[in-house]
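Each of the next two complexes has chain A plus one other chain: chain B in the first, chain C in the second.
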Partner chain A sequence: MLRCCNKHFFRLALIFVKFWLRMDSKLDNVAKTIDDIVKQLNGTTLHTQLKRAAQHEGEKSSVQLSSLKSDVIQSLKLSGWEKLLRNEVFRKMHSVQNTLDQAIPFECQKEPLMYMRKAQANWERRILKSMNSMCTELSIPLSRKRPADEQRDLLHKWNEMGTDEPDLSHFRPVYAPKDFLEVITSIRNPNYCSLTGSEIDDRSLNFESHWGLIQVSLQVPSLAELREIFAEFSLSNAHVGLDDSPDFPSDMFQNERNKLAKRVIDEKRSPIAQYFCRRGCPSGFRADLWQIALGVTVGHLDVLKYEQMKGYVLQHDLLVDSLIYKDVKLTSVNDDYYFVFEDYLYQVLLIFSRDTSVLELFSRSSATPPKSYIRGKLGLEEFAVVYPPNGVIPFHGFSMYVTPLCYLYSEPVRLYYVFREFYVRFFHRLHVISSHPQGIVTLCLLFESLLQSFHPTLFRHLQDIGCQPLKIAFKWLVRAFSGYLSTDQLLLLWDRILGFNNLLLLPVLAVAIFLFRQTNLLLVTNVAGVEASLSDLSTLQVIPLLQSVLFHS
Partner chain B sequence: MNDAESPLSCTIRPTKYLSIGESMFHSGCGVIEILFPNMRPIDIEKISFVNNYTAALSIKMKIAKSASNQTGHTWVTGLKNYQLMPKPHCETGSQSYFHLMSSDFCKQPNEVCALRFILRQPSPNWKTFTLEEIYVHAKKTKDPTNENPKWLESVENLSASEMKPRDQAELKGLPDTEQVSEKMQEILQLAEKTVLSAPNVELGRFDIDGSYEINLLSYT
Partner chain C sequence: MMSKNVRIGRGYQKKIAGDHRVIRYRCALNNVISDMLKQRLGWVEAKEGEDWDFYWCDVGWLRENFDHIYMEEHVRICHFRNHFELTRKNLMVKNLKRLKKQLERESKSESAKCDFFPMTYELPSEYHIFVEEFKKNPGTVWIMKPIAKSQGKGIFLFRRLKDITEWKKEGYRVNADERKEETKDVETYIVQRYLGNPYLIGGKKFDLRIYVLVTSYIPLKAWLYRDGFARFSNTRFSLDSIDDSYVHLTNVAIQKTAPDYDPEKGCKWSLQQLRHYLTAKHGYESVEEMFQQMNEIFIKSLQSVQKTIINDKHCFELYGYDILLDSNLKLWLLEVNASPSLTASNQEDYDLKFGLLDDAMHIIDMEGRMTGKEKRVGNFDLMWSDGPVYAEDATLDTLGGPSYATNTFLGCHNDRKRQLIQLFRTIQSKKAAASHS
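For the complex of A and B:
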């Protein structure tokens, strides 16, 4: 019986994967992907639950032996298990997009371009050095076990960690977006030959064939391609964030949208919820819609896992904890909108640092997690560990990836799992050097090329006064605009990022902001003036701006 | 799964770039010649290589005319302008791995004596372009070493003959071969089952024997 159910489970999974693959014609390696997903699903809790449900259905007296197969499948469909399986397969589809080929070296699959691999490796080395020198200077270990009484203390004040004011003046963020920009702009392809025929000379920007700061020729979509990708943004569609604003008193749209949102939530299907996000979520339903779209379920096992990781936080004190602490104090606590969430941020970020399931993303990103050895066991491979346990070293502003979500989720567990999914799906691309079509280098290049083609005069003007536009826009891109836009507008933007499953909206919005402020910018003649006119973005309306770039005739 | 044998040993001449006389200029065209010395004409199953900034690839095959009872060779186009970089000015595909199967060819690559790869790169953005790590895999021929080993054949023959090996084996104190093979299959099935049912869900522990005390990060 069980074996039979097992077989059906995989067959169902197979059918769904096939269905989704057909939607995405870029994937030709169908069989391999199906195999990977089925392997990943094998042994999961969902797998066990499905088997149990199938067994339960099979034992019912109404089931005939002759039609056992179809009866069980039918009843699994009716009882909603099929939906859960579909959602899980849909979620897995995001993580197994590049199937591994045995014949190709692993690092080449992570990142095909050798100079990008080198750049990322050098960057990681720099971070390691900075971490190590911080440890040596402050003479503190990267990780130590907390004594029992300290563990008790921390558990006691778990919900009010913000009240604690440890002396963190000696700690400094490992790096800030500015440092990262420097590294990205210094990437060069050794095989690149500038059009003038002369060797690339860093000192004379004029001889380089790219006007902007990014000097690598990655493929970026053209405006026509962008229009195709973001077709739902067209002016003929009504949008949340535009047509429901008080200036357009159209209750009709808002009511309809709310009704539809309710139906989507009742349906509980990830792809539908994700598609719904493309035209914006009504704020009352956003939390549920995002959760469904991301395929995040918070069952009792997830709560248990959360508690387990909380236990790990209590057990060991990491240097990363102090970095997180410092970052929250420097960014979110300083922000008028976000300071109230301080305690949530500590909880979520500390637990995030202990979550080893995040490591899985390193198999499809060009980054490698930092490695270390247990004290006294240097060089012994069996004592090699990843540090921090999730492999992600936070930088200045990292906590801003979580803060906007605090507006949506009041339960830390739910907040945590939604944030993790967001990070694994989108944000990790924003601080890793890669040639990925949605990696930060491509986003920067798209920003520069779009601005050049839309308004060459403005671009040239800014360059002439010594202010490369990317220098201003980079911090927006790295943080996905978190902390720059007003919260409601930011959530409208993230709606679309999730809905289109695409980070390319970030550079499009950055270009729109420059164009929107162009009259001002063209009059300014120094860097400080440019910075001043672009320092406050909190009054901007995201949706009309995006439309103005994408669908301006 | 893997029908192709290990790569053939072949001579790969360095890339020659098209030029006029002595003058060097970016012609955007290069040729790599591949010879199979000391070998009969081969049937190609797969060609794999790593791209290094070549935008499009054509392959000419030198084919032996033995089939039509003629002597000598003829050059045939096996592949015409196969795209390696979808946009020659951009990086996509520039350093990727490629596998060309015999089905990708416009003419079956059988009875091949030599290959010429014609590389094209219309974009002047790149200093050089070539292909690296070229491996040619021949179609699998019936390999005598892969057939049933001699001893197995002898066992099969024995059971068919009148010698009644079972009795003989019993006499020697050995168990019945059929029983043994049945049991072995059972064990194999069980082993497969355990492998399949092993949960691949990680426990999420990051410490080693309860310890996660670390001083510094490692550079290697």
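For the complex of A and C:
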């Protein structure tokens, strides 16, 4: 009986995966992907639950042995298990690697370009060094076990850690976005030779070098390609954030949209919910829609896992915890709007740093989780541990990835799982050096090339006054605009990122902002003026800006 | 001080066409109000002993001097003689209870709208009624408040009757010394059913501060300011720590003495931000309904004292209403302040209070620029003018709907500077047209 169930399980998975892969993929690719996904699903909770459900169905007296297979599959479909499986497979597909030849070493699969790998490895070394030196300076261990009374204290204060005022003056953030930008701009492809054959340092004179800060030639999509990817932004389509403003009668678009949203939520299918997000979510339904689209379910076991990780936080105090505290106090608490959610931020970020399931993203990212050694055993591999347990060292502004989500989810457990999925799917690409088509380097390059092609005069003018546009836009990109746009506009933007499953909208928006303020920028004559001109984005409306760049020229 | 029957406001210049009238003012406070008055065109500060046309006074001065002065027609002063009918907690409750009974005789539906204040009893006069009610609901939390002190002094919560008996012995006597400066009524306390299910954001409790300008009680004319703020408690809400008065009393003034208070934090949200958040959580209709509920609170509370307040054409008052939202999206009136704090905690706060006072002065209109028919001045919307005021596009169909149709726009988009410019232009062009014809 169990063997039958396994086979049916595989068959179900096979059907769904084939359904979504593009027709032009090679067949062995498809088979490999299916294998991967099934392997990942094997042994998960869903697998066990499905087996149990199938068994339960099979034991029903109405089922005949001759039609066992089809009957069980049919009843699984009716009882809603099929939907759960589909959603889970859909979610796994987001993290599927473009499978390459098995002969290629794992490193190259994560990041095919060697110079990128080297740059990322150097960067990681620098970060780790900075953290270790902070450790030695302050004589604080990277991790220490908390004494029992401290554990009790922390548990007591768990819901209001914001009232704690530990002395964080000696801690500094490990790095800030501008440090990261410096590193990215210094990446060079050693195989690249200019046609003139000479090694001119003053690249601004070389007509082949890029005008902007990024000097590597990665492939960026052209405007025509962007239009195809983001076809739903075309002017003939109605959008939430544009066509549901109070100036329009509400029955034209808003009511329809609300009704449709309710139906999508009732249907509970991830791909449909994700597609729905492309034209924006009505604010009352956004929380549920995002959860379905991300495939996040918060079941009883997830709650237990959260509690378990909370236990880890109580038992051990990590240096990273102090960095998190410091970041929250510096960024979110100073924000006029987000300070209210301070307590939630600790409850999410402290747990996040203990969550080892996040490590799976490193298999498809050019980054490697940092390692640390048990005291006294430096260099001995068997005493190496990943530090922090989730492999992610927070930087200045990291907590801003969580703050907009606090606006939607008021239960910490749900908030946590949605944030984790967002991070694992999108945000981790924003602070890792990689040649991935949605990595931060490509995003920067797309920003610069788009701005140059739309308005070369503006670009040159800014360069002439000593201000590279990327220097200003970079912080917007790294934070996915969190904290810069007003919250409702930010959520509209993140709707689209989720809906299109694509971060390329970030540089498109950045270009749109520069173009929107071009009259001011062209008149400004110094860097301070440019920064002042672009410091306040809170009045901007995201959807018309995106449309103007994509479809209005 | 002033002797009996002093005349105020003499020597007021006749308006010279095209020129600014000079308005002599006095101001008892040294914060946003004094800044605003200084910057007003044509307003000059009157020195000690000089005559004046406008006085932003404090209630103490008013109490001592109002009955001894005779004001010229044009003079304005910022308090009503017996405003405490509305602002003193026990009197407010008494007046509201009376209005409710009165409405019960006329219309059940109107009287049902008066349930926005929690069950309250005055002590010591209503002690026995209170004890009866207390025994009917054992375990509920009650809050004890002195009626005249503001900024949260002397307030505490209790669950057991014996907590009060202890207070009766001790606290009562201790406060006797502080009572010397107040009037005879101060021995009175009110005890009120404590609202244990406030709406929480980020786990924190908050209350709302909303501003209402009353320029006359008979007929009743009241304006509502579009902007306001929500004040957050610094710590997480929980009824376990009843002793921790820092949790429950969200008055910013009290917060300043809490050990973990950080003045840089600015624990306030603007009404617009709150409105955005609530709309996202509960949908547009429920939030609109909630804001309409608020109008009931303002109108009914003003109506309850309409006949008791001594109306005087020289007086106007800017009230600060403290309102609590509970988890069922129901609103509760906590208190009305006749002297809402005009000190700014940060730049945003300063801008809000400055705009508030500036617009209030436009409405008071000592310069004589307004026509009197305006329904919106800056961020003030005319809410009630001897009857409900309807928004522009009310038609016959909408009249059957909510009783106060909607010339109120709390937390809505506000662009006061632009509105003011437009308003003055319209007035000027009307006047120009009138003078030519």
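Just so it is clear, the second predicted complex is superposed on the first by the 526 of 553 C-alpha atoms of A that agree within 3 Å, B and C clash if a C-alpha of one lies under 4 Å from a C-alpha of the other, contacts with A are read in each partner's own complex, and residues count from 1 in each chain.
The criterion applied here is as follows: a residue touches a chain if its C-beta (ideal position, glycine included) is under 8 Å from a C-beta of that chain, and two chains touch if they have at least 3 such contacts.
Computed from a prediction, not measured in an experiment: that's the story for all the values here.
Judged by the touch definition given at the top, the superposed model places A:Thr487 against chain C, while chain B stays out of reach. Of the two partner chains placed by the overlay, only chain C lies in contact with A:Val340; chain B stays clear of it.
In the superposed model, A:Ser357 makes contact with chain B only, not with chain C. In the superposition on chain A, A:Pro370 contacts chain B only, with no contact to chain C. By the touch criterion stated above, A:Lys305 is placed in contact with chain B alone, chain C being left untouched. In the superposed model, more residues of chain A are touched by B than by the other of chain B and chain C. Contacts of A:Arg286 after superposition on the shared chain: chain C is touched, whereas chain B is not. If you check the complex, the residues on chain A that touch chain B are 39-40, 42-45, 101, 103-104, 108, 112-114, 125, 128, 131-132, 135-136, 141-145, 189, 191-193, 195, 209, 216-219, 305, 308-309, 312, 315-316, 354-357, 370-375, 378, 382-387, 389, 435. Listed in rising order, the residues of chain A touching chain C in the complex are 159-160, 163, 165, 283-284, 286, 333, 336-337, 339-344, 406-408, 410, 487-488. In the complex of the two chains, the chain B residues touching chain A come out as 48, 52-53, 86-87, 89-92, 94-97, 99, 124-128, 196-202, 204-208, 211-220. Remark: chain C residues 201-204, 232, 234-236, 260, 265-267, 269, 273, 276-277, 279-284, 348 touch chain A in the complex.
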